[in-house]
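Single-structure report; data block below.
In this document, chain identifiers A, B, C and D correspond to the written order of the chains, with residue numbering beginning at 1 in each.
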Amino acid sequence: MFNAEIYISLKKTVADPQGLTVKHALESLGYKGLKDVRMGKLVRLQLDSKNRAEAETEVKGMCEKLLANPIIEEFSFKIESA
Amino acid sequence: MKFGVIVFPGSNCDQDCFHVASKVMGQPTEYIWHKNSELGKFDCLIIPGGFSYGDYLRCGAIARFSPIMKAVIDFANSGGFVIGICNGFQILLEAGLLPGAMLRNKGLHFICKHVKLKVENNSTAFSSKYQKGQILRIPIAHNEGNYYIDEAGLKDLKKNDQIVFRYHGENPNGAIDDIAGIINKKGNVLGMMPHPERSSEIELNSIDGKGIFESILDRMNKK
Amino acid sequence: MIKPEVYQALGLKDEDYRRIEKILGREPSKTELAMYSVEWSEHCGYSSSKKYLKLFPQTGRYQTMVGEDSGGFYYDDLAIIFKMESHNHPSQVEPKQGAATGVGGIIRDIFTAGARPIASLNSLRFGPLSEPYNRYLLGGVVDGIAFYGNCLGVPTVGGEIYFDESYTGNCLVNAMSIGICKRSEIARARAGGVGNPIMYVGSSTGRDGIGGCSVLASNEFCEGEEKRPTVQIGDPFTEKCLIEATLETLATGHVIGIKDMGAAGLTCSTSEMAAAGGVGVEIDLDKVPRREEGMEPWEVMMSESQERMLVCVKAGKEDEIHRIFDKWDLHAVVIGHVNDSGIVTIKDKGTVVARMTTKSLTEPEIFDLPYERPSDLDAIYRLDLKTIPVPKDLNEVLLKLLGSPTIASKAWIYEQYDHMVQTNTCVLPGSDAAVMRIKGKDWALAATSDCNSRYCYLNPNRGAQIAVAEAARNLVCSGADPAAVTDCLNFGNPNKPDRFYYFKNCVEGIIEACKAFGTAVVSGNVSFYNESPKGAINPTPTIGMIGILKKLDDRTTSYFKNEGDAIILLGDTGEEIGGSEYLKVIHGQVRGDAPALSLEREKDLQGMMLETIRAGLVKSAHDCSEGGLAVALAESCIINKDGKLGAVIDDLGSKIRPDALLFGESQSRIVISCDPKDVSKIETAAKKWKVPFRTIGKVSSSGFKIPGLIDLPIDRLETAWTSAIK
Amino acid sequence: MFNAEIYISLKKTVADPQGLTVKHALESLGYKGLKDVRMGKLVRLQLDSKNRAEAETEVKGMCEKLLANPIIEEFSFKIESA
């Protein structure tokens, strides 16, 4: 069993109004000196791949096919044995 | 002519589109369940608005893998007419039948209201009944209608005259270049965020959307 | 031995516990104790309110259907089913999901009755927006209603929203939903037919919403478990599939009865379905689809997991039902059967974990709670007009009132709701009531919700009457005949006699007004304990009302249509500013009596209004409510953002104080506009109905003017009105 | 300057319908042996705290005050100097 943690975020070239809004909200709470607040998605899942290499191939495939849209998003992930 | 309305779990404008195609336009119309892998004979497919699969993950991302979509793609590739409205537009983008992607509205809210649209291209099968430059009043209702395409893609769209509708006056969602509806290069697949089926009857305070259905009907009758 | 702490923490009193022991003739099991505690709770059992709710008129001018989970009335060959429900406390802690699950719950109540949901409304109350948490609540609640309702494809066509200090710490979120079906297609919430299967359909069961019972977990049963949140995540996608699957199932004709699993989940649905059918049921908990491991029987019985229903079907038809739910990727499992015992038997892993008569569960003790007029009311009641100076600049007053969030444009809210899906909304939000066509019919429906809780606080009986009268007036202004009522009664702790006084008097006010209008109360909901450390909320008996437009063509909106049209005021303006938004916003006072109301005069006004609308004489109609005549006129100028107009008012013909004239909230008044050639016909109708009539001015294109009092350009009115809620 | 990466997810005890739907979608794409697919939020930001300890306090405060609702969500974060 492996635990995968997948991070999906908008590409740098794509504007992120939600991040901007969160930044303003944080600033109005008194947090100053913030830069570059960006919002993304987190997907956690368990998979029963035979080994880490297989798990990595699978997770990469999931991201490319479904979890991320390459036109606007990029992804990265972390895999740990459960 | 015969319309087909594709029904995904979570589609919610399927009955509205069915109503316009069958009752307002008076054409034979059928629902097509997403689990079917084959299409019958149709002249025009409507991919309706709604929240296919709850819009979970990303609008249209999961519906794009429904069994019926392979048949829809084949249908489009062989020249069949397809209209994707709202969520249907998002599905067409995810399926790669139209270029680009949808981002969240710049105001971060769902918006439902009448907006003004400008007809940019009236030489398509879906817009021939309008005048070029005509201003339409049609409602939108979406959370992710902020159309995005990279610079090269946008150039292409313009070069090929693929932008059919632009928001006029106010851009409600931040869409690049005010784009509200586009067509594929071949001219048989239209995607648009505004809802023509909500503005095809006088009781609903606007009939500006009806021209889309009339255009396609006209085209089929001439064929 | 069950310790007193355990049952007390479940909300049961010593005498309740003794009653349970007496009923069972033994000590209850954990599951039984939990089941009694929820069924006898105020939420399910209505033990403190039932005595009064029984007095609501159940019949009226339209033939009604009452007594099921939701009620309705019949018109033509259709049944119109509707109900309102509160989700206040969950929304206060998690506004988005709290409001979302509230919408989900009320819509389930509608389609379990066999009706397709065609529209929703929402009635919201928050503390002042100057407090950040209230702003957060407003944003979250609206987001939650939009998230759920938009996804379902049920248009949210109207509602109301008020801001008042008393709701700081306890906001109100009342959701209303309307559905329609053929008369013959109404489904019942009952089990029947010995041997028939009981099927569980929809989502799986988790430990959601067992909050109230967490004491069972923390006291000796499962030490160390994390406290469960009582807020759940709404799943509108599953609910949408559940609507379609349920309506398909009902259409097979194989269903004996069906009930949604709302509060107290399986406990409520099994025992109430059996009780309603006069039968018994035996349920096998091992069959219940689960999302979490290791759930105890009482947890399964208590779970309030969303998007689930219980169906009693004809034996032999299980497979057919199963196929339908399978198509929609939803569970459908036989979890038990009907017997003729009158007893609910719950089995887990082969052993009986609960066994009691349905009657003992569903008939809790009814209390007759004491009430007492609040001691501070007499002082608040007194208002000496001489102490209230008339402001010099009435333009400023009008702009301030238009910018008061309670009066200001609600477009920021309703534009986040899909209010057009299903393509039936013919009068969009922003007018007095929403109008929905019914495809294939030439008649139509109108819906509204109303309650000015400040009036109810000052004068509960009359305040409640005004809520009913205003709802009816809003319908009539839209061209509809008021047909029937649902309510959501939001009050403080009923065990405090001064709070219960408000409840009793408001209920009596509703009864009186509904009898006068001939509108039956067909459904409703009670929400007590709406208190924060600062005290109780204003008494808020929200009224939801549905009307019938004989012809869709009768639909009328509240904004002016053409320059040169005559503007007419129907009704009298008294020197009343008690309880008004004007007194609050401009003078910072909440006092005085609520405006006077004569139900007879109100009925005449509405009769006359409807008659002239049906005769095609009226171009716009807008009732005077918060902010009075000046606000009603200003709104008629600016509501239609695509066609703003002005008004010149030159003949108010009144000698009363100008502030009372412009901003007082006298009841039974409507501002209409018409073609100048129709003025005399309208006057004749007014005479016939004995309605005070005066042509006060005309629609213009150059600002809003009342010589000597008001002179403002339209864009200033609009800016004030549209920038308050954003 | 510090980079913070914040992970917000629904508490284990709260149902996650979105995660469930994504799990079904992945399964229908042929990925078997999945368990416990849960969706969450990812927030990335830069802040100019004086030192790591201060950055941690700030980020924790942001989560508690704005980014997560403790009734249904839990959070964790990672901080690195930029």
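As a convention for this text, a contact is a pair of C-beta atoms (placed from the backbone, for glycine too) under 8 Å apart; a residue touches a chain by one contact, two chains touch by 3 or more.
Since this is a predicted model, take the numbers as computed values, not measurements.
K.L.:
Centre to centre, using CA atoms, which chain is the farthest one from chain C?
P.N.:
Using the mean of the C-alpha atoms as each chain's centre, the farthest one from chain C is A.
K.L.:
If you tally the C-beta contacts, which comes out ahead, B-C or A-B?
P.N.:
Top pair by contacting C-beta pairs is B-C.
K.L.:
Using mean CA coordinates as chain centres, what's the chain B-chain C distance in Å?
P.N.:
Measuring from centre to centre gives 36 Å for this pair.
K.L.:
Distance-wise, how many Å sit between the C-alpha centres of chain A and chain B, to the nearest whole number?
P.N.:
30
K.L.:
Measuring from the mean C-alpha position of chain A to the mean C-alpha position of chain C, what distance in angstrom results?
P.N.:
40
K.L.:
How many Å are there between the centre of chain A and the centre of chain D, using C-alpha atoms for each centre?
P.N.:
Distance between chain centres: 9 Å.
K.L.:
Please set out, as single numbers or ranges, the residues of chain A touching at least two other chains.
P.N.:
41, 66-67 - these are the residues of chain A that touch more than one other chain.
K.L.:
In chain B, what residues contact two or more other chains?
P.N.:
Each of 53-54, 56-57, 61-62, 65 in chain B touches at least two other chains.
K.L.:
Counting only residues that touch at least two other chains, what does the list for chain C look like?
P.N.:
Touching at least two other chains: 235, 237-238, 329.
K.L.:
Any two chains that touch count here, so list every such pair.
P.N.:
Touching chain pairs, listed by label, come out as A-B, A-D, B-C, B-D, C-D.
K.L.:
State the interface residues of chain B toward chain D in the complex, per the touch definition above.
P.N.:
Contacts found on chain B: 53-54, 56-57, 61-62, 65.
K.L.:
For the complex, give me every residue of chain B touching chain C.
P.N.:
By the definition above, chain B touches chain C via 9-10, 12-13, 15-16, 19-20, 23, 33, 35, 49-51, 53-56, 109-114, 139, 141, 143, 195, 197-198, 201, 203-205.
K.L.:
So in the complex, the part of chain B that touches chain A is made up of which residues?
P.N.:
It is residues 57-58, 61-62, 65, 94, 100-101, 103-104, 106-108, 148-150, 174 of chain B that touch chain A.
K.L.:
Which bits of chain C are touching chain B when the two form their complex?
P.N.:
143, 146, 150-153, 235-238, 240-241, 327-329, 411, 414-423, 425-426, 428, 437, 439, 552, 642
K.L.:
Enumerate the contact residues on chain C facing chain D in the complex.
P.N.:
Residue positions touching the partner: 93-94, 97, 203, 206-208, 226, 228-229, 231-235, 237-238, 291, 305-306, 329.
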